[in-house]
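Chain IDs A, B, C and D follow the sequence of writing; residue 1 opens each chain.
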Amino acid sequence: MQIAVIGSGEEWIAQAEEVGRLLGERGCVVVCGGLGEVMEAAARGAKSAGGTTIGILPGESPNEANPWIDYRVATGTGHARNLAVAASCEAAVAVGGKWGTLAEVAFARILGRPVVVLGPGPGAEGEGVEHAATPAEAVQLALDLAERR
Amino acid sequence: MQIAVIGSGEEWIAQAEEVGRLLGERGCVVVCGGLGEVMEAAARGAKSAGGTTIGILPGESPNEANPWIDYRVATGTGHARNLAVAASCEAAVAVGGKWGTLAEVAFARILGRPVVVLGPGPGAEGEGVEHAATPAEAVQLALDLAERR
Amino acid sequence: MQIAVIGSGEEWIAQAEEVGRLLGERGCVVVCGGLGEVMEAAARGAKSAGGTTIGILPGESPNEANPWIDYRVATGTGHARNLAVAASCEAAVAVGGKWGTLAEVAFARILGRPVVVLGPGPGAEGEGVEHAATPAEAVQLALDLAERR
Amino acid sequence: MQIAVIGSGEEWIAQAEEVGRLLGERGCVVVCGGLGEVMEAAARGAKSAGGTTIGILPGESPNEANPWIDYRVATGTGHARNLAVAASCEAAVAVGGKWGTLAEVAFARILGRPVVVLGPGPGAEGEGVEHAATPAEAVQLALDLAERR
């Protein structure tokens, strides 16, 4: 099962890494934007648990990916890659995040993917957006919601 | 000056039409997603004031555009056309709206375009997102913010 | 009727300008990639005949457009804007061109738009790709093919 | 190393499968468009040799992928996914193919990726496009060219 970890913000790196680690432990493929901060932490966490990672990049070169990405998709379509991140998952966990994360949450909801927000989140509320207090709770909730789809 | 009108919801049609009309009167080119409801109302309003309209469509055919669109760009990239709507304006007015509008607000802010929200809006708050109580106030504020960029 | 002018190459500027001029005279809206060389020449030609031009840009800013573009759509999706150029026309005239033009011809044909090649062209042959010897012949053929669709 | 297999046409299925098999044997990750015919055959071939496959899909659902795809990226951007296929590889092998393949070859060359054509190919010739007579020759040539970049 492909689960996306989205978000941004240096202060969220530890939580993102823990989310990635737990997803890796559960056998999920972690999908992310492939670049730094939260994306890199989630991928590093997944790899620390023997998991697999996909980075969906905005640019035209796979070499942009952080070192924890196993499979690198360079979309070449800039911020439109946020649509691909949302479309490629069964559920998304948002860790921190601002406008870019908000676009991903919006696309996830347009496409019917459940979103679990850890922390205050990017500010998007509505049906299909749930909140969690810890990485463990976020991962469990995301997997439950993905299976119920 | 190209100003985007974004949003959705039948209950917002009258306000969207008024926003479009006022933008047309002020000599602005109205950019929108080219389809129905708020997009169509904004375009119709602009045309009623002798304005010009651009529709940026998700699909692969210009024929999808509503009848009030003068110039039709079929992006062929689905919801990624929301990025093009945001990138093609100097400022955006959001009238109603849900997840699709939220994606457009997010992209507008990533790209530094000011956004004026009329009504409760899609729920995105932050620097560069202002609120207005009436179509006239929204249009004036959008033009002021666009000029100050 | 929206007709695309695609292509590249300094040596094709005069012919592209003439194609644009003739399209403008015939009342067509000239769609192009909005940047330099053939794109700029076609737009300049259209404006010299009182025509209207749309530039579909790869980047995130309308300011990238050449000065002869009336309506500027910044797609933000890089080379994927070539799909939008092809999808937004009823027919395309290719003037010179290399790999970028080839992508546009390919997309035009996938979407059923006729293509008229002036000069040797980018090398794509097949059903729906016709050749013309002069700008006048190219424009006439493109309009005939667009009407027959 | 990620190598793309592009193309189309029922008559090319056996050759595409052999290309995929040889790439899998060589330890390459096979990148393709994730759908049927040549894409499916290449992925099946790669899996028969214990290889890994990535499908870069045009639609909004990972479920569109053929059963031989390990990692599924749903771009949601229609034919613009051809840009992502080209950008995500170090070299591409084209097996048969028509307009869609031509767009991928064009994007690969814009981005500096070498292309090896097996069979008559989609008709795109130029610097960086080489021809091969057999799947084995095509794979060897693609890997050589990818390494020389």
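Side notes on the structure shown:
Assume a residue touches a chain if its C-beta (ideal position, glycine included) is under 8 Å from a C-beta of that chain, and two chains touch if they have at least 3 such contacts.
It should be emphasised that the depicted structure is a prediction, and the values quoted were computed from it without experimental measurement.
When the interfaces A-B and B-C are ranked by C-beta pairs in contact, the top one is B-C. The chain with its C-alpha centre at the largest distance from the centre of chain C is A.
Inter-chain spacing, taken between the CA centroids of chain B and chain C, is 27 Å. The distance from the centre of chain B to the centre of chain D, each centre being the mean of the chain's C-alpha atoms, comes to 40 Å.
Residues of chain A in contact with at least two other chains: 60, 76-80, 83, 107. Here chain B touches chain C in the complex through residues 2, 29, 52, 54, 56, 59-62, 71-77, 80, 83-84, 86-88, 90, 107, 111, going by the rule given at the top. Against chain C, in their complex, chain D makes its touches with residues 77-80, 83, 98-100, 102-103, 105-107, 109-110, 123-126.
Those residues of chain B that touch chain D in the shared complex are 60, 76-80.
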